[in-house]
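One chain, chain A, appears in both complexes that follow, with chain B as partner in the first and chain C in the second.
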Partner chain A sequence: MMNLTDNWNELTPDEKFEARFESLKAAEGVEFVNEEIEEKYKATVQRLKDVIELKQPDRVPIAPNIGFYPAEYAGITAEEAMYDYDKLGMAWEEFNQDFDFDFLVSTAMIGPGPVFETLDYQLYRWPGHGTEPDTSYQCVEDEYMKADEYDALIADPSGFWMRNYLPRIFGSLAPWSQLGPFTDLVELPFVGPSMFPVGLPDVQEAFEKYLEAGREALEWIQATGEIDGKTTATQGVPGFLGGVTKAPFDVLSDTLRGTQPLMIDMFRRPEKIHEAMEQIVPIMIETGIRGATANNNPMVFIPLHKGADSFMSREQFQEFYWPTLKQVILGLVEEGCVPFLFVEGAYNKRLDLIADPELPEGRTYWLFDKTDMVEAKKHLSGKAAIGGNVSASLIKTGTPKEVKDYVKDLMENVADDGGFILSTGVVVDDAEPENLKAMIEAAKEYGVY
Partner chain B sequence: MSEELINAIADLEEERVIMLVKQKIKNGETPLEIIEQCRLGVEIVGQRYREESYFLSDLIMSEEILRGVVKIIAPYFSEKYGAEEEVQVVIGTIEGDIHDLGKNILIYLLKSVGINVHDLGVDVKPEEFVKAVQETGASILGISVILTFCIGGIKKVVDLLDESGLRDEVKVIIGGYPVNKRVKEYTGADHFEDDPTEAVELIKDIVKNAE
Partner chain C sequence: MSKNLVELLADLNEDEALNLIESKIEDGTNPRDILEDTKEAMQIIGSRFEEGEYFLPELILSGEMINDIMEIIKPHLVDDGEEDEKLGTIVLGTVKGDIHDIGKDIVAFMLDINGFEVHDIGVDAPIQKFIDKIEEVDPDIVALSGFLTTVFDTMKDTIEAIKDAGLRDDVKIMIGGGPIDEQITEYTGADDFGDDAMEAVALAKKWMGE
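Presenting the complex of A and B:
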């Protein structure tokens, strides 16, 4: 794995944390338009670091979760944002300029339509391909891994991904199910028999699609890198995300087994779930760290789904969800990263459990949606930074005054001694612009320490 | 009536349920008697969910157990059970939206209290909602929505009900993450509810008043 410094392996977790924030602040390669913008950028990084370390910053940071809304705001469709990177750039640049959030509203989460199309992606419907041109993408849950395939997954996760899972979620890679595992290639007599499936015409075609998708993804990452880089340099807004990873239970539930089958597995084959999750833990840690290092940002986003209050009992959360999520959190912190846990739905019955004394203080950020913020603060105060939770309904159907009142209330009752980030409870795909502006104004008015 | 099967269903003891059902068939109990015991068990599951001692995972597991029961007793049925019963509620997720967990919880809870539901599934066009109301004569239409930008579709359903003269025949209830009073007013729905347990009470009241 790529490292930030030559002596990386000799550093303590705290030193790695410092090094990652130093590196984010240094913003090597970014040519800021002037000194004032550069100062603004550095002050914002410091503001974030203060909050994560549970110190009082100069002011509450404003970092909402923005999805497709900039497209609507700028008058382009979601489909155009996924296919036409010039329009994507124009729209996101305009949005970042008009809304003075502290952090970059990045183009990265929008995703490259051409890549999905080339791969014939089955796991999602996206604008113009199953959803309306002006609506966001949606996941299509299914049993992409069967109940009797746990052992195959556990024995060789990468092999299972390549030869079982990917052929099911990408139509263009279906022929990969004929490939042998790379681990066949151990000695001379193995090489020929193991290689020949690669020569089959449909497998060759699948690899051609794979290469084509790679070229399209490169084009996309160059375009979005340029757009986001320009915004950072002109607006002085640091990125809010480095890596992305997931809770091992959600890896199984969201896209392998599906919600319903996995919940049945909790009753029928609990030991298989545990074995599979243990295998997935190091994979999820490595994914998160690699993203944080590559994007030079310690924040590792972990959207949390199936452990919410209404999905499973507290006992099931303690048995199935939390232990491996905790391992992922600890693994990330060990490498100086900041797990950014996004609690979708509510965790009102989990707050005492996530306030786990074995997690280091001042190294994580929990973003809440429908969780009671005052209770969240009570449990996590002195342990973890928290953020939230202006609702999507308020942003879409409320008035600026209602938004301001809500933010003021958060500032007075939750943010009062630091360790707080102002955000939206969900990803914003649809909004009234004056409500988003009211959110920013209120934070600057009531959120100064 | 034997409490054993009822309790085994309520406690989600899959192997025990299957064993008991096989035993009952052997002892000559009719499929309808067995179904009735299952229904009573499901009623307890629904009750426990509403009391927050059961969760989505428990509802899903109990459905799975019932599927197993139906598989065993299906060959003993002379005619399809429940086919002729009157549909009271038509339900579906609005066009453009493929989320179905909330909708499925509500359907489960409604069935557990003996209310008949016709499920249209997800991504349902406004015209299909209206057609289903017309064909079933249901007095309640439930529309589920998660994505804020799909809310406009609900307004279209209500407008279409108006145009086809069905508006007064049916109460429209909207449910899901983003619904509130404002969304209710915007769409022209009669009621809104974002908590499935509360929605069951609301629907029970409407059904009772309609009788």
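Presenting the complex of A and C:
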């Protein structure tokens, strides 16, 4: 947890940015095993800060996007990683030790199986619950919000979430649809009628499950906090993520309406999409900031999905996707956070649009997957840090020499004057270890400035 | 002059097109003619998609429009046993372990409106399901979809199983999905891959000698 100073609200965005990185570097509460490790940690934070500010660091930071691969590497299943935190700890510790990336490969994104099970989570299938024990979790899109529910969402997002959305995505919370909104609780005569649904037997049972899930989540966060804390202290690797948030269009598309229904809404009720996205903007900003502060790390991860080249046209991107995403980016930067935008798929046709002159320079990080890196560099040079994009196919089926050649090429043609982070283009669930090692070696060999 | 049905549909003027269809039905127009117009419009939509004028949202909307049209005209359609000649038969599915469907569905839709007979076996499709379907419909082409990086091996296994079942020489195999590229094509033993639905259609047409 980062302690915000008393005068926090008087600080400028730049001062907040500095304060957040200072706090990350100070690593209060972390007991490093020795001074050398502590120095390594601080140097890595500085390396990241330099890159974000578009300065030349000592060398290119190495921060691949790792998913479930550490489980496979250490010989446990993805299911075990989500249910048995001792095994999770062993596997991720081994992986972090053997590969020695610049940043922590955290256990936090793996998620707690027992919590999902208690809540009877419908939005995802996870290992052993709909997917194979050794396969990552996967989203099950559906119309969790109906076409005629935009007004309800817009009028009261929290109420909509509690009484409409959660009962649909968590089987155990289905009875919550009978609850009234908290805003019913105004004066004395309202209290009784508003409270009685809470007493209904099935609602009571839903709350029991909710409490149980809470206890399980606490257990999980203590376990993962301990695992990650130990790795940071022994290996001097800072975390790479503070908060997580999403583009407002993706909240509607991934989370609420589903990809295809939302695309139809773009023709049938575009004004409702815009109104809903405006409502979601401050919520997404706040979510990201809160995570960054809680985890004492200014980086706010924003995985970008439905705005990619293959999903919509440039015009649709300009109309539906970019304006509210830009608001989220600006809102995060205003609070000293660093939006870490992960462009899944490709943005080859809209690099000029994201090189928006209204975004402050040196305050964002764009991670690319299949986007042309040389073009990305051309457009974002002097504006934003970029990273990428060793492909999953290369990591899984290439040779160490091919990986090294690819990295060398990135170093020469994209990373040449700083502002670059070496990463994988996708989240890695499957790999050949010698290829991942070749990626690190190549960065250390060719990525020194 | 008002636009004709083909234009209305191709331009995605949903309400006007549906109103026109309803009044045509009332006037006693043969529903087969409406179907023909719809098909023609879909081909225009398909080529606008290929040319980059339309994108996924337009394609999805046109799919929705077809559903609405079928709902209106189905009660009036008499089965006259007339079957269109197809360019080729394709078995398509997302491989075992992966439940992603958006890309697969778009490919199926584009192949369908381009004149292929598409047998979609769904997501998370076990190897045996592919084999069974291939044996059942004797396709020209098999299309494997997958989005996760763990599908590389599953695709490879699926293609090997098709080979072991003695069916490999009868079919061309294409693969596609987020992380799929040339390297994975080689790795899995597929014949080729496509980056998007248009490439899938182009490949299928090429293989059918079109």
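Everything below uses one rule, namely that the second predicted complex is superposed on the first by the 446 of 449 C-alpha atoms of A that agree within 3 Å, B and C clash if a C-alpha of one lies under 4 Å from a C-alpha of the other, contacts with A are read in each partner's own complex, and residues count from 1 in each chain.
One rule holds in what follows: a contact is a pair of C-beta atoms (placed from the backbone, for glycine too) under 8 Å apart; a residue touches a chain by one contact, two chains touch by 3 or more.
This one's a predicted model, so the numbers in the text were calculated from it and none came from an experiment.
Set side by side, chain B and chain C differ in how many residues of chain A they touch, and the one touching more is C.
In the superposition on chain A, A:Pro64 contacts neither chain B nor chain C. In the superposed model, A:Pro127 lies in contact with neither chain B nor chain C.
Of the two partner chains placed by the overlay, chain B and chain C both lie in contact with A:Asp429.
In the superposition on chain A, contact of A:Gln138 is made with both chain B and chain C. Residues 125, 131-132, 134-136, 138, 140, 259-260, 263-264, 266-268, 310-313, 316, 392-393, 396-397, 429-430 of chain A lie at the contact with chain B in one complex and at the contact with chain C in the other.
Listing the residues of chain A that touch chain C in their complex gives 125, 130-132, 134-136, 138, 140-141, 259-260, 263-264, 266-268, 310-313, 316, 344-345, 391-398, 426-431.
Of all residues in chain B, only 12, 14, 54-58, 60-61, 64, 96-99, 101, 147-150, 177-178, 180, 182-183, 186 touch chain A in the complex they form.
Those residues of chain A lying in contact with chain B across their complex are 125, 131-132, 134-136, 138, 140, 259-260, 263-264, 266-268, 309-313, 316, 392-393, 396-397, 429-430.
By the touch criterion given at the top, residues 12, 14, 52, 54-57, 60-61, 64, 96-100, 102, 124, 148-150, 152-153, 178-181, 183-184, 186-187, 196 of chain C touch chain A in their complex.
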